[in-house]
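Look at the two complexes coming up: chain A is in both, with chain B in one and chain C in the other.
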Partner chain A sequence: MRTLYQFHGGVHPPTNKTQSTRTPIAPAPLPGKLVIPFHQHVGNMARPLVKAGDRVLKGQLIGMPEDGVSSAVHASTSGTISSIGMEVVAHASGLPDLCAILIPDGKEEWVTHTGMDYRAAASADVRLALRLAGVVGLGGAVFPSDQKLRSGKHKIKSLVLNGAECEPYITCDDMLMRERATEIIRGAEIMRFMLDAEEVLIGIEDNKPEAIAAMRQAAAASDDKMEVIVVPTIYPSGGAKQLMRILTGIEVATGVRSTEKGLQCFNVATALGIYRALRFGEPMLSRIVTVTGNVRNAQNFEVLIGTPVNELVALADPLPDTNLYIMGGPMMGVPLPSAQVSVVKATNCIIAASDKLFPPPPPALPCIRCTRCADVCPADLQPQELFWFAQSKNFGKAQEYSLFDCIECGACNYVCPSHIPLVQYYRFAKSEIRALEHEQTAADLARERYEFRQSRIERDKQERAEKLAQKEMAARQPAATPEAAPDNSAQSHIQAAAERAREQAATARPKNIDALTPQQQAEIAEIEARRAKAREMAHPDAGRPKE
Partner chain B sequence: MLTALLVMSGIALVLGAVLGFSAIKFRVEGNPLVDKIDAILPQIQCGQCGYPGCRPYAEAIAAGEADINRCPPGGEEGIRKLADLLGVEFKPFGGGTVQKPKAVAFIDENLCIGCTLCTQACPVDAIAGAAKQMHTIIAPVCTGCELCVAPCPVNCISMVVIEEKITTWKWKYPVYPLAPVK
Partner chain C sequence: MLISTFISKPDTVSAIMLRVLLALLPGIALYVWYYGPAILVSITLASITALATEAAMLRLRNRPLKPFLGDNSALVTAWLLALSIPPLAPWWLVVVGTAFAISVAKHLYGGLGNNPFNPSMIGYAVLIISFPSHMTHWLSPHGLGQTELGFADQLAFIFGGHLPSGIKLDAVTLATPLDTLKTQLQLDRPLKEILGMPIYGALAGKGSEVVALGYILGGVYLLFKRIITWHVPAAFLGTLFVTAGIFHLVDQAHYVAPLFHLTAGAAMLGAFFILTDPISGPTTPMGKLIFAAGAGFLTYVIRVFGGFPDGVAFATLLMNICVPLIDAHTQPPVFGKKDRGAK
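Right after this comes the complex of A and B.
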């Protein structure tokens, strides 16, 4: 029996998971159109490779990963790209982003794809394959997986597979583990091989007995050292740092990467994506999405990336009083700006919300500094202090209190007796600090460039003054005898240059005239003839043009 | 009496020597206050303050020649920081100062005649181009100072306001109902 550890705090919100686990994962039918954003991952936006009117095949690369941290984007089905432009995407801002609109032709015609032997190939090639397959973390952070599979200078002891899925309502990982455990384990084997990890620890919350059983069975069949570990149900045990803490007792400090502590964490769905990408060469074209909340048939669907949310939700039969869709869970999810936005790689759950299901919070009261939020904070922060600093825009102080360690889990919101939207304050403060930092780097760059320009102008001025002084000196000195002085006149320079050019022309031979095909020779002859004719027409008197 | 005089003048000489030595040894190049003021200024280098750049303006403030409310790109936030640093009262912008949204210059490359007047005007070398060649703005380093707009003889430079994108979007300050105090 393995000793489990605890992280600080945590809450027990009602899980509401049974509604959507009654039926198996259903494939969502092909929608009328797919809106595929080019920026679905952390890092740089993918560069579009297609244009309006192009016919694309299922799995065809339509967005090339740009330098550094980035990932590829693919056509989720075969069809025609009707346009490429700015569309509102699934983001809290409600702002548009670059998307390709794909009209499916219903043929589901695949692009040619083959798997690769990851054991034989070089690690860099495998990672490139994953990058081009658009494999990103499906746990919510959508960080490109190829970046995390680099076996760096730190020895990885434990690979943690995150199947905790602690957030209420969401069941996509649960259903995936129940139905596709073997494929997940195959993916875990690939990751373990690439990271050269000693063991694989699979953490699953104890409210998913079917998933635990399925994963245990699949893990037992593996040759690698794998262990399915049942962890107690407490929110947010599915946070990467929190799960690593529960399973190994290691706490990853601020500014330290988990790899430095010999740990790396992946979501179970990511493992499946890695397996399918390497075994079959299938890029990430679909994902499992839980559709739940204010609907009649809450269920998990396998959804093509780019499917509009309204078409997806219609499959679950939403109740008429639904007035909002939330992407993610009730704790961390963001309200969608409209139901027309599309499912992206980060969409793990769509909750249809109504005022009855999620009544609006009562009016907020002042903070009474009860520190209940500090008791439940899984990052061991002082949320009441952070709230105070964020509210007064005292960002320096907020950073001193480790604002950026906040994982925005919402546990503090959940317990606050004054109903203060604390996480909103932290999000506000974080984005303000990021913007200020960005402005500061821009100002530093501008200062550096301005100062360089000033010094360059100064230098040029000095050089010019020196040159002038030299010239004046030379002019003042008595001229030497005219014979001895080198001929510096413009005429002689021109003469010398003309002579040089003549010499060069005499020695230079035209290039690319060796080994010509008869066809090229014929072409040359034809051109020469045309030239001769032109010359003749220009100078009818001259017998032969002089060469 | 004489001893006292000798002792006092001896002390005076020693102290004078120490002071003289440290004045040379620990001499501070330039005014450190200028650097602090310069760090607050936004480095747009637009010259709207009436000085040929942020550094000269900082020097003028440090010398007490210029007011702290002459930098529109820095905003009221900038004035507040300067007031804090210098220990003076906050002073709002005078009349006629308009704060514009952040923008970058844009050259209509079909109209550009390659006169290089704008490259000479740009304080941060953010314009690439040579004589009789088309010019273009290096947008990531353009500060939006508008100094290139006026010199252009064919009016091919315009200012494009930077629109909010998903990558630059910020969470807003939370607004929510408060319970009335009874």
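Right after this comes the complex of A and C.
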């Protein structure tokens, strides 16, 4: 038996998974229209390649990945692009984003596509293929997979495949593993090959016996060293860091890349996406979505990216008192701004919610420092302290107490007897800190400019004074030696000021934020971009010349 | 939208506090058995005063009454204070102590969750400093006094201040075992002889030692229900035991055996109910150990060398002062920043 490790804390919310696993995955029918956002992944938005009126084929590239971290976007079926514009998207911010609206023609006419032999091709080419196929992490993080498949300077010992699926209600990975285990294993073989990992560890929670059996069987047939490891059901065992800890005992600290510790982690559905992209040249056009909660027929569907949520949930027959749709699980999910938004690559689950299913919490009481939150925090934080600092807007302290190590899992929130919306406070504090840092950089620049100007004025004054003195000296003592070099001293004065300003700028920057992984930095950049967009939309005329 | 998670454990502050009250019941039952029902009168008085003061303060502070009056925290303060003062104390003593605890020690510091000091212990400290003479007349345990008061007599004394004709206060009350020990030792009586006095039982005071066992029972329930952790009781009782043990080993003629200290006075009440108050205590496991160990040591020092009959209250308050410091210096390492033996 392999020794498993534990992470600190964790909770056992009711799993509510059986409702949606009674029937196999069903393909969702073609919807009336598809709303395909150009920004479904972490990183830069894809650049639109089509315009209104264009006819597109299924699998046709319609959004080109931009520089750096980015991913491609495709037409999920054949049809006509009716418009390109801002639409409300499935994102916590509730802000609109650039989308293509595609009216299907019902023909499902594919673009020509072929697979590639990943063993024969150069690693960079394989990664480019994945990038152009729009393959991103389907566990919810939607980080472009090509970025994670670079075999860098660190030797990868274990490739961790995440099939834990610890969030209540969600069963898309469970069903996928039951039904398509072999394809997942093929994907894992590709990833293992590209990373040159020694072994593949597949972690699945013990409440999925069928998935475990199917995956074991498929893994046994592989030539690679693969092991399906059954992990205890505890939330959030499916957090990448928590799962890596359980399987290997290694803890990857915030700001450290898992590859530095010889680990890389992918979701099982991503493995399947990688396989299909390389074997058949199929881009990511669909995903499995659990539709559950306040519905009569909870089930998993294979859904085309861009399918409107209301068309999808109609298939599961929502009950009349449904008043909200949640994307994701009840612990980390986000309320959807409307049922008109479309399924994106990050949509693993749609829960129809009602006040009966999720009764609104009683009014929050003050924190009684009972530390139940700290007892369950998988990041070993002191949530009650973070709450205190966030509430009093003492952001420096919040960072000192490792606010940015919080994975927003909601475990603290779940147990708090005072029913304080803790995660909400952390999100607020994090975004405030990012905004402050933004302003800080601007202020640093301004200060640098100001100091430079000050020093120039000073220098001029000094020069004038010195010239005057020299004149006087010259008048009195014609043979004086021009020893002091006024120019030099003024020069070094300016330099000192500039250096001081730079130093200040360096120290004034919040500490915790530099040490983030590229993924987190990309996420932050993305949040900033959304923030900027929101500002722009709030003042649409700002920056536009008056006519 | 102020929702982070859509589900939550059906646990509330009110339920937690209720369990603390429940856990006090075995101790209270034994109290009544040994000392008669007077304690129930003080508990009732304290409860009513606490709720009334809470309501008045919430009004003054413009806070909603319903969630806070129902949180049961004021009752916990009231019960702990009532159990700390002599059951035969005049009614106004209980009222003044409780009202001060709730209004000043709790609400003037910001109400539930914000009080840096344990409110019950503040109430106790105010009473023992302001009305020391009223705080020393403890009822003699069942079967020990020259006479025993019936319930009606007890009520008459609590509310009217007079005893049945012919009975003196000294005939029905005694100093506490801890107090007696201290005064008798000062009179140079040998320890053996002192402990032979009728008020002493097998471990400490007759009666009170059994009540202490009742508190242990409640404490085990709280541990079992995960309302408290082992850290505070273990560190407090352990330190008290070790400190007392060292003195006892060095000079057996003058320092009583450590088990005496564990079962005398408010030691058990302190270990399981007072020092475990989450609001005025530290939050980290290491912090709890330091906090409780400090309180254990101070309790011993105040009991043996100080001027007050018991040390738990002042030890608690002194350690309450240190809580922010203790918390700040005992932050456990976060995920990934420690060696947990995994390699």
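Descriptive notes on the structure:
Here is the rule we go by: the second predicted complex is superposed on the first by the 441 of 547 C-alpha atoms of A that agree within 3 Å, B and C clash if a C-alpha of one lies under 4 Å from a C-alpha of the other, contacts with A are read in each partner's own complex, and residues count from 1 in each chain.
Everything that follows uses one rule, which is that a residue touches a chain if its C-beta (ideal position, glycine included) is under 8 Å from a C-beta of that chain, and two chains touch if they have at least 3 such contacts.
No experiment lies behind these values; they were computed from the predicted model shown.
With both structures placed on the common chain, the touch criterion links A:405 to chain C but leaves chain B unconnected. By the touch criterion defined above, A:362 lies against chain B and chain C together after alignment on the C-alpha atoms of chain A. With both structures placed on the common chain, the touch criterion links A:417 to chain C but leaves chain B unconnected. By the document's definition of touching, of the two partners only chain C reaches A:382; chain B does not.
In the superposition on chain A, A:435 makes contact with chain B only, not with chain C. Of the two partner chains, chain B is the only one touched by A:445; chain C is not. Using the contact criterion defined above for the overlaid structures, shared-chain residue A:257 touches neither chain B nor chain C, since it reaches no partner.
In the superposition on chain A, A:374 makes contact with chain C only, while chain B stays out of contact range.
Judged by the document's definition of touching, chain A residues 361-363, 365, 421, 424, 427 lie at the interface with chain B and also at the interface with chain C. Against chain A, in their complex, chain B makes its touches with residues 38, 41-45, 53-55, 123-126, 141, 143, 164-166, 168-174, 176-180.
If you check the complex, the residues on chain A that touch chain C are 5, 7-8, 11, 13-14, 168, 241, 245, 248-254, 256, 326, 330-333, 335, 351, 353, 358, 360-363, 365-372, 374, 378-382, 384-385, 401-402, 405, 410, 413-419, 421-424, 427.
Looking at the complex, you find that chain A touches chain B at residues 39, 89, 91-93, 95, 97, 361-365, 421, 424-425, 427-428, 430-432, 434-435, 438-439, 442-447, 449-454. Residues 1-9, 11-13, 15-16, 64, 67-68, 71, 73, 111-114, 278-279, 281, 283-284, 327, 331-338, 340, 342-343 of chain C are the ones touching chain A in the complex.
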